[in-house]
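What follows is a single structure, written as structure tokens, with notes after it.
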Amino acid sequence: MRFSYYPGCTLKTTAAVLENSALKAARALGIELLEQEEWQCCGAVFPLTVDEIAPFLSSVRSLAAAKDTGEKLVTLCAACHHVLKRANHVMKTDKDVCNKANNYLQLPDQYRGGTEVIHYLELLRDELGFSALAQKVKKPLTGQKIAAFYGCLLLRPPAVMQFDNAENPSIMEDFLRTLGATAVDYPYRTECCGVYLSVQNEEIVAGMVEKIINSALRHGAEAIVDACPLCHYNLLELQQKTTHGKLTLPVYYFTELLEEALGLEDRAEEKMAI
Amino acid sequence: MKQLSEILKEVAFGSLSSGEAEMVIGWQKGPFWWQSFPAFITDPGGTGSLIWDPFSVSNLSKYLLKEVPEKKIALFLKGCDALGFNQMLRDGRVDREKVLLFGIPCDGLVDPARVEAAGLSKGLLQVKKEQEELIFYYKKGQRKAPARDFYYAKCLSCRYPNPVIYDQMLGEAVPCQPVERFADVSKLETTPLEERFSYWSRHFSRCIRCFACRNVCPACSCRECIFDLAEPRWLGKANELSETQFYHITRAYHVAGRCVDCGECARICPVGIPLAELNRKFIKDINELYGEYDAGADLDKEAPLLTFKTDDPDVSSGS
Amino acid sequence: MKITTQSLCGTMVKEIAAISGENVAKCYQCGKCTAACPVNMAMDILPHQVLRFLQLGLVEAVLNCNTIWICASCFTCAGRCPRGVDLPGVMEALRAILLRKRGFSRFKAGDMPRVLNKGMPEQGIVSGFRKYTK
Amino acid sequence: MRRIGVFICWCGTNIANTVNIEGVTEAAGKMPSVIYADNYKYMCSEIGQSMIKEAIIKEKLDRVVVAACSPRMHELTFFKTAAAAGLNPYLVEIANIREHCSWVHKDKQEATGKAIALIRTAVAKAARNKELWATQIPVECRALVIGGGIGGIQAALDIADAGFEVDLVERTPSIGGRMAQLDKTFPTLDCSACILTPKMVEVASHHNITLYTFSEVEKVDGFVGNFEATIRKKARSIDLEKCTGCGICWEKCPSRVKSEFDEALVMRKAVYVPFPQAVPNVPVIDRASCRRFTREKCGICRKACPAGAVNYDQEDEVLQKKYGAIVVATGFDILDLDDFGEFSYGKHPDVLTSLEFERLVNSSGPTGGRLLRPSDQSPPKNVVFIQCVGSRDKSRGKPYCSKICCMYSAKHAILLREKYPEAQAYVFYIDIRTAGKDFEEFHRRAVEEYGALYLKGSVGKVFPDGDKLLVKGVDSLSGHAVEIEADMVVLAAAIKAKSDAPQLARLLGISTDTHSFFTEAHPKLRPVEAHTAGIFLAGACQGPKDIPETVSQASGAAAKAIILLSKDNLLSNPCVSEVNESLCTGCLSCIKVCPYGAVAEKTIEEKIHGKALKRRVAEVNEALCQGCGSCTVSCRPGAVNLKGFTNEQIMAEVDAICL
């Protein structure tokens, strides 16, 4: 199985853990992820204004490059996935924007949304299959009660993202169960963590994180997993802030659990100890 | 391995002498190198004159409309002919029980105009095809050239070189290597409306109303064409451009969803009107609107323009 | 408050429609957006009221509120709106008017080191930068 | 040479103000074959009609053109006028110079020109009009009613009372439908069962009604006055004649499955009567869950039955019956709430649909009417009702208003207080719609006397929190986001068409709208008729409706059916298609496009080259044909023609406009 792979800036720096564990797991699963040459930053947020095309262009370059290889484009960072998937949708459905973008970029071939953008989790579910993944689990996470946190970017807006049932998703829970863990259901799993508001309004985000963490704890979670560097930062750093440094619920990227279940690496013991 | 033209003679002889067929429709050579005419043979002794060569372009199944058989008629079908035959079958114009079909794999036929354009026609006596090459025979000596260079444009975009219907297949199936067939249509679609109108007006103004396009078409199988009716008179007798346009547009509409894209209308036109382009525009539109559909390819598939579904959501009549 | 034809279809109203691509008349004020909004407690004008003000042509009122800066573009409202209104797009249009035309900037270069020191991921910094600055 | 008369109407000032009547009359007089042209202020009046009659006789007119309003309005009037003067009515042609001309134009000169063109067109067509004659079709004096809810019950009773035989076909084991599931009815708070049960019993005992429960209509052929239906009576596995309804069988039955009637809130047995007042009060064996049929063991009910009524070998019975009219009253379903995960429906037992709530307050329901929370069987104190869940929602639900939710939620708020005086109802609403007799008063009572708190706004999400449900919503009037700790949340889920409504529509040859509700022939003037003649609509299968509206429509549909059945013969519309066999090539495209199944294949024999040959051609069933013309446009050789609108006539019209 071979795919084009778009990493994004955060994965090369603050969220290197996410990328390293994902790539390691992919290799173990026989999935070839070819990092795109000369990828550019997706812009981190999808441009919601419809009167300018400049913010789309870097995404379109990556999408067009993937089309040239004929492979599906795999993303890992939730924000990059959101931006690329939506940009692709616009290219597919909005003739006007599509024409302008093509005119501007002067690509050798016109790009009209032909690439399929899939998230790493979708890759595991739809391309590899959770049942195939289950067979590769060497160290099942039996007995571990883990809460999945979806965040916004993978799920919404539902009509475009088509990731899962936006109000009642199950992909991450199915993933956790595949690894042998017990998935904890709690009502805040699809709420917003506060995203970039933590740049300026940390107190608002702290309040939102507190609700999420408390809800997960009340439902018996021993750890929480996410798929987005910014969710990860908010859940981890602002949890510590509200609890005055005491981490009540460890936070992991879903790929860290994958790595552990495949027997590639133990989660750092010291991390558990916090 | 036997030459296809030999096998063809054998099966023709066989079917006539066994009494399985009362007539064989095939091709025979005319006086010139480029002439391969339809032949109607009822005597087994006459089958020796049958041929299969790079000029056997006419679709023989259209003659079934004229011939009223008591026993079977045997005939030869190329890939394109088979689509046309199927369409006639779907339209209820031929009786499958009354025909014996010999399928012929065909990777393309030679356009005499291209031979002429290549300067090869002078003193030319005969053209034969061997593998991928054409051999041009002259009084003195012969010349060779790649066959594909001389094929009809319609053959280059052919997607069904092997017949989809037959009783007996003669020869080995040939590979399919079609070129994009909607390129001309797509190009025309992007030109401004006035330009397109003048493009077609220019072509239609040459029409001499010989109706060969209709007569050759396997989708034009009506017992009496509306353009031949005295009442109502759809088409005025005077040679008015607007009326000629009306004829051609109506013809295209009448074959819409049924045209098998054999390109015979354009090939036969004595004044070179690119009628196949008009048909292909319809095919392209139908494919885009209702999903891919190849008329004549699959008799079980619903024809898009002839399907009424009561579960299609109706738009309510409003206030 | 006086409502006039001029105030209802002023140039600003049209500009917001052009930038967001959204028609605020689609909103029938059910309040689902506000009810769904995870940050409504920090807003001075509630999301459904933003749309109501725009329906009334009261553009300045919404340009001066903190709501448009609190909106986190989490798309919860848009995902649940029964009328399919892209409220995050409207919020972005309002921010865009301030950032593009009025030289407004909520995130300044001087803020950068503070944010970086916190270990904030690049994704967050770029997002904030894109939302708060031209 | 024809002798055509043209009569131009002023329509008071409606036409005369915009069209130069004198100019038009003069122009008409010069048109080919027109030998007489005149005008009058009101052509449809007695005097106007007399003018036409006199002219037909005096001028020996053989064709008449009336230039007036739409043929929809007065075509029949002028047909009768012509007939009275001895002229075949189909020789009259109407030129619509009102709706198509004077009403839509301002410029008098242009409108006059257009009126002349329209008349020229009508004259050209009239010259080619032929005499047409309606034929008589006998009527089968029996009605079929599909669906045994309150709509079907009412229609069946009305038709039966008028003296006609009615077959009532109901898919489930009992008639009663949705109304049987309800506790009280708004706005009077009558007990639903108390007013419905007598009607159900009346159906069962009516000498003109034959009841087929646990039965389905499988096929309908034929046409108005002469339908032929195939009805499958599914095997009940219980002998209707022998069973006394004693109940021992279901007491003893060991299999338990979710009860459809109780909205899956409780279990029923595999042999069961859906509810105590069922008609007929005879159980059925649900073979899908019966051990006898699934595992080939058991047989307890047969052993236990004192009447020997249990028969495992019973087979489906298929009946063929003829009907003159059909009433469709198949009701509605509730929207599936899978896409509305924010309400936690299906995830938390105390989040209910309104219909489930209805069962919980119903004295014959799972809690004996005590209204207890499904989670812990405790009485709820705070109940939040949420309106428009999927209604008026073009994104995830249905764009239309479900019409009954405002009222039943007010009813629920009242019933809650009546059960538990301490309990508090909260109702989140977008708009309150109470446009029915005594509806607004009822709603106000819920607020003022029963203390329901209405909040204008929506609920964003329901967060299950311990044994409570935290409801986060908004009160948009105060401008505050609100949080309510609720014990129970009730969702007014949208009404939708039955999921198999499109299949039934196909079977009957009627049409559905984009939401699969059956469409009426005209939204205002023919609201109880389907597009297909002889088929009538009643109740929520045509769109969301409350009980009074359903009953009214059912009586309306019944009246229409009675009008039809009380005729010995029907006059057919002579404007139907005909096939010119010599032109027909037998491609049968016409069969494929005919919405009414009115075209069929036939084999003819003819001589070609001295040989007799068989050939297939198309044939039109004139009784089924509705004159829509689909076949004629699909016919390439022009072999199919619509009488009264032939290709020749239409070409003549086109030529008259263009040339």
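Letters A, B, C and D name the chains as they come in the text, with residue numbers starting at 1 for each one.
The rule is short, and it goes like this: a residue touches a chain if its C-beta (ideal position, glycine included) is under 8 Å from a C-beta of that chain, and two chains touch if they have at least 3 such contacts.
Source: prediction; values computed, not measured.
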| item | value |
| --- | --- |
| Centrality ranking, top chain (CA atoms only) | D |
| Of C-D and A-C, whichever chain pair has more C-beta contact pairs | A-C |
| Distance from the mean Cα position of chain B to that of chain A, given in whole angstrom | 56 |
| Rounded Å distance between chain B and chain C, as computed from the means of their C-alpha atoms | 63 |
| Centroid distance [mean C-alpha coordinates] between chain D and chain C, Å | 45 |
| Whole-Å gap between the CA centroids of chain A and chain C | 25 |
| Residues of chain C engaged with two or more neighbouring chains | 41, 76, 80 |
| Residue numbers of chain B (touch at least two other chains) | none |
| Where chain D touches two or more other chains, by residue | 342, 395, 461 |
| Category of the chain touch graph - line, ring, star, complete, other | other |
| Chain D to chain A touching residues, read off their complex | 338-342, 344, 347, 395, 461, 463-466 |
| Footprint of chain C on chain A - complex, ascending | 8-10, 13-15, 41, 43-45, 47-51, 55, 77, 79, 152, 155-158, 166-167, 191-192, 194-201, 204, 207-208, 228-230, 232-233, 237 |
| Residues of chain C touching chain D in the complex | 28-32, 34-37, 40-41, 46, 48-49, 76, 80-84 |
| Touching residues on chain D, where the partner in the complex is chain C | 342, 388, 392-397, 430-431, 456-461, 472-476, 479, 481 |
| For the chain D and chain B complex, residues of the former touching the latter | 502-503, 505-506, 509-514, 516, 519, 522-524, 582-589, 592-595, 608-609, 611, 613, 616, 630, 634, 636-638, 647-648, 651-652 |
